[in-house]
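See the structures that follow.
Same chain, two partners: chain A is paired with chain B first, then with chain C.
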Partner chain A sequence: MRLNKIILSFVSALVILFSTSVASFAKVVGDKIILGAAISLTGKYSSNGVHTQNGYNMAVDRINSMGGVKVGGKTYKFDIIYYDDESNPKRAAQLAERLISQDGVEFMLGPYSSGLTKAIAPVTEKYGVPMVEANGASRSLFTKGYKYLFAVLAPANLYLDVAIDLAVEKNNGKGVTVAMAFEQDAFSQDVRLGVLDAIKRTGSKKVIDDKLPKELNDMAATLVKVKQMKPDVLVVSGHTKGALTAIRQIAEMKVDVPMLAMTHCDAAKLSKQHGKNSQYALCASQWHKTLTYKDDFFKDGMTYDADFTKEFGYAPPYQAAESSAALLVFKDAFERANSFDQKKVRDALAATNMQTFYGNIKFAEGGQNVDKPMVLFQVMCDDGGKCENKVVAPTKWASAKLIHPIPSWSKR
Partner chain B sequence: MDFMVFQYPMISVQACLDGILLGILFALIAYGMALQWGVMNIINIAQGDLVILGGYIAYFMYLYGIHPAWGVIVAPVIMYFVGIAIYKLVINKVVDRDLFISILATFGISILFMQLMNFAFGADVVLANSDYGTTMLFNNNVVLPNSKIFSAFISILFAICLVIYMKKSKLGRAIRATAQNARAAKILGVDTEKVYAATFGINAALCGVAGALISITFTIHPYMGLPYTIRSFMIVIVAGLGNLPGVAMSGMGLGVFEEFADYILGTEFRIGSVFLLLVLILIYRRFKLSRKREYLK
Partner chain C sequence: MKNNSILYIGILIFGIAAPFIFPAFKVQLSILCVLIVLATTWNIQGGEMGYNSFGNILFYGLGMYLCASVQVGMFFPLAEWTESGGEKTFVHTPAQFFQGMAVGLIVAAVVPTIVAGLIGYSILGLRGHYFAICTLGLGVAAGEISGGIEIIGAGQGFTTPPFPDVGSLDSRGEFFYFLSFFVLVLTFITVRGIYTTRFKLILNAIRDNEDKAEAMGIETMKYKIIGWMISAFFCGLAGGIMGGLVGYIDSTDVAFDGREMGVFMVLMAILGGKGTLWGPIIGATVFHIFKEGFWTFFLGWQYVALGVLIVVIVIYFPEGIMGWLREKYPERFGEVVDEKDRKAQVELK
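Up next is the complex of A and B:
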């Protein structure tokens, strides 16, 4: 009996010790603000997961080396606890629970992709943990009334509607015919809704509306229909698979279309994988290095691009840039809240109105950023076959003139 | 539903030709599956993953400046040894066991391969450009990428070589004998252990060829293997084991069916339609078998 009592007291002492150590680990340890993030380091999103993590790490190092975060007259540094969510929404939700209830994290950074953000958002909302996310653009994230979710990126429905506006502008303000091919996932379907809105707004007409499967690697049927219907614009959104498959088969099948607009060209390394075949494709992007937004930490897009390339050995895709911007937003909110109280930080986040190298950031009621338009770049190649992405819309940021209509394959 | 394919006859021609070319490639993968299923009584769930691994071999050759078409020679050689290694490590422990055990074992291999490929090659979707150009037919109304024609041609070539090899060579005869009756073959001096290893190796080599062709024609990704397993399973179920003309016909039929399903039901139902067809064929077979049983009674 006595032995049992000793064991019981020992275990209780350990539990108390552990719980107090967890409590002291929460949010701030010494001069460190601990943020939590579940990131796809393995599984199908691992490439973009790594871009996201590199973006976060780059910003943490930069902010820490430039004086850190000043709260209540004291200087703090950022630190992030990462877990690998294996590109699995269920795992991501479990890890969010673990970060909050076991590790005591009180502020979160978002995962990669709309699907995983959707899995984590209910958890952070339940615990009242402010989360700044940079890679979940699905419109449905911002219509659920979440109070603690803030996204630095423009919502998915704004990705390709600019392309329809551009085509209408080139058609002297008259409506155009649009062929659409969208993957069956939350993100692409939101992009589709945005395009449908633009079609309605501009008096255009949809002539093909195909849905692409997740295991897409052949869209010949859609392209044969495009050849037959001859639309003014072809819009494709199917992540990297969609972008790569579309360009390969458009070139092989010699499909002539005056305007081709798509998503995920950056992530698909379109110009690198397809070279001149990808020429003239219009790509929606959250960010481009030539945009002239500025901040005190990364200066501007060109400097960010150079610094990131130096540190990680590859040019930053927009997924990395927006992830870095999320940290700048957190720093700004902590300093304005001048507190680590979650409610105060949440209110400060909601009142954010700032410019970063990535773009202006101002959150609407639903948590989406309403102050940063999408940009469209066009793949342009020189005679030597070297291809570059050049911003062509909106006009304010354009570094090159849109080439329209796309020359036919027989003339290339 | 979209019946455009019937309104424009040229689209039907396009769908048929696309389907046949694609089907020949599927048939090559299915033939490998039929071979090892017949000989070893193993349904290989990792078939599609072996295909994707073959694709990565061609892709890496392309990355290092070698034309990916050479992949159809290099990939089967490497994949043959990969197949032998898988046999020695896992398959030989389940070869005489229940079919369910072998399905579980190959399912495990499939998951392992997916994760290893993801770990080694990354999660990006990749492809190898062959720059083979395009063939235009019927006044430019039907377009056939030469890469698809090349794939079909190579698939047929490998299938013919394999048939000759199975008929003429000593190992080929031993494989056929083992497929007919493993016990009798063993008694008559055939080293069945060796035959099993070679069969699994040949299957993996065929997957390697198909993978190289897929990286030239479509795209590859570590998690894209399962649809190829399902298609081969479906083709083998329809054609039966050890029936090469049947496998070829069934493969082409499936290719054309998929293309038409794509046009009529939409691309999103392409793979779904294969599953549906599989279920229908299984129900039909069961129905046919039950009638036969009644007759026997």
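Up next is the complex of A and C:
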């Protein structure tokens, strides 16, 4: 059996290949603190993955150039090892395992989206690796009793329930009819649960409850129903693609609805890509540049907006801002822990209570940020066709008055 | 024969020692075992029987959901476990975890086998492209349907029970590695066993000329269904293990992942050489190593690199690695080559 020889030599080649490819980094090399992150650089979340990565990089550069992190009297600089998780939870879980057990990373930054964070959290938890994540908002992340997971953002169920409240308020406190269309993924389904709670609370009624596929390119069937049923509010959530598809088809089909509430408008650059078609859309956001929070590194929202635009050539969506904030949280925790011991850093993270340009950050028991409200903005355009996002709720931050109901297409 | 047993014992020892030689690669090694199982079982249809099935992913995903559901459902209310935002936290004790996993894996193997029998009965009458397209639809449909079933988490996904705190940090990796390695050995023994029987000859007869096989009095339908059921049994097991290993089940991205796993199993079998025993194993190994390498060294371009690899395979190794070796070194495969005769033939042309 000569075949055996071939197979044997093949196996030994394998052994050599494997043993030469073991390269290990330590968490702190020289003056570098190495963080690990699996980011969606390809696949359906790639645009938001890039926003996340830009946000991380921006903060790393800023912190490093402004003196770095001081631990035990020594100054350290941040460095990040990135992998591409392809927007796939299976891949993300493998990469987390790889970052920790092969690359020796001891501190992690979160991926983009709730689903991927759900896949990574069990791994980081198992190894006791503190992870500060900025893009996993699903409520179920915070009820699993994770000890090493910290999210700088408000949970997903809070995204759009404010919009329902607003609609009810405009309807003189009476319940409204709500049409819902949500992508079938962890985040959007959680937003849906929040809306359902709000519907129940306000005595409203849901008239359409559609699920949209993950490769979201068409929601005409839902919109036909909306045209027929004439609901008071249409709620759509499906990441960037969902926002783009909704606006495109609502304009094409001339669907009239008094209130249109969505997520991910700024990540989709709606006002830029669709101009006047996106006018009046109401969007949930974790952050807006006009909010008056401050910190030492980015100063405030307006400055962050200007600096980010200068560096990356587009205005920062909230996904970038919250990602930058994650690094500020890590820096703060390292300095307070004054150590690289994972347990000590974890405890320092849990005790975080700070203000960043992005908002106040204070973690609840489950790891979610409880000190930062969501804001709603509305896309508003001037006569020249130049559109801008203006905060309309909550009243504390509002820079414009909500336009309600949306004028019908025949009058636009 | 003596040589053979040395080879098998060598590979077995390597398999058992592997997680200790490469402790950092346990997860990749476990996934490799799962990939080999998928490629080897796909080869029963695609290679030996000539039925290009894209539907084996159905059994894999089914096994994954079933194993996790049983593991949770045996001890806790499943609906509360998967409900998003549920306030309760359930924790499996080590005994519950392993009992649940054991029963879950049995269910994950048996149910897909039955499903394969039922579906097979209705669609294995289709041939060629029609069968391929039909099975492609099966995987897609299963993904969409499972994404709408609330009790298994629907679009939210299903977090499988976390591994209990037993032993050291490495026990999780070791547990899943040995589990998947065990299933791999089981698959190999079974497949090698049936390839030595008349069963394989019947499958080949179906591939080469199904009408003639029928005319000879072979009940082809029966054998096609049995073949598919064997594949389903091991695909279900592989899925059950993979669910526990990944820790999070998403309907279309992890379980009924026809776009990745469903295509990869075909690719691996073809790369190694379909219709051979060792082909899918070698194919899966080479594929996995290349893939991991691309993901490390060509970040952002990994799919381009993978695409180039596929093109190279199709152009230069249309018969796969085994087919290429066989053509290059026929004498090592026990074939007798008469050089004079071969040259004479070449010159004639």
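Here are a few things to note about the model shown:
The working rule: the second predicted complex is superposed on the first by the 386 of 412 C-alpha atoms of A that agree within 3 Å, B and C clash if a C-alpha of one lies under 4 Å from a C-alpha of the other, contacts with A are read in each partner's own complex, and residues count from 1 in each chain.
One rule holds for everything that comes next: a residue touches a chain if its C-beta (ideal position, glycine included) is under 8 Å from a C-beta of that chain, and two chains touch if they have at least 3 such contacts.
Predicted, not measured: the structure shown is a model, and the values here were computed from it.
Look at A:H274: by the touch rule set out above, it reaches chain B but stays clear of chain C.
When both complexes are overlaid on chain A, the residue A:E252 reaches chain B alone and has no touch with chain C. Contacts of A:L244 after superposition: chain B is touched, whereas chain C is not reached.
Once chain A of one complex is fitted onto chain A of the other, the partner contacts of A:A119 are limited to chain C, with no touch recorded for chain B. By the touch criterion defined above, A:N217 lies against chain B but remains apart from chain C after alignment on the C-alpha atoms of chain A.
After overlaying the two complexes on the shared chain, residue contacts for A:T42 are found with chain B and with chain C alike. In the superposition on chain A, contact is made by A:Y83 with chain C only, not with chain B.
Looking at the shared chain after the overlay, A:H404 reaches neither chain B nor chain C.
Applying the stated contact rule after C-alpha superposition, one finds that A:K225 touches chain B and leaves chain C untouched. If you count the residues of chain A touched by chain B and by chain C, you find the higher number for C. Counting contacts as defined above, chain A residues 42, 87, 184, 211, 213 meet chain B in one complex and chain C in the other.
Only residues 1-8, 10-11, 14-15, 17-19, 21-22, 24, 41-42, 82-84, 87-90, 93-94, 97-98, 101-102, 115, 118-119, 122-123, 125-127, 138-140, 143-145, 157, 182-186, 188-190, 193, 211, 213-214 of chain A touch chain C when the two sit together in their complex. Across the complex, chain A is touched by residues 3-4, 6-7, 10-11, 14, 21-28, 31, 84-89, 91, 144, 147-148, 154-157, 159, 162-163, 169, 172-173, 242, 245-248, 250-254, 257, 260, 278, 282, 285, 289, 293, 295, 299-300, 302-303, 325, 329, 331-334 of chain C. The touching residues of chain B, counted against chain A in their complex, run 2, 4, 8, 11, 14-15, 18, 22, 115, 118-119, 122-127, 129, 134, 136, 143, 145, 147, 218-219, 221-224, 226-227, 259, 262-263, 266-272. Contact residues of chain A toward chain B in the complex are 42-47, 87, 181, 184, 210-213, 215-222, 224-225, 227-228, 239-241, 244-245, 248-249, 252-254, 267-269, 273-275.
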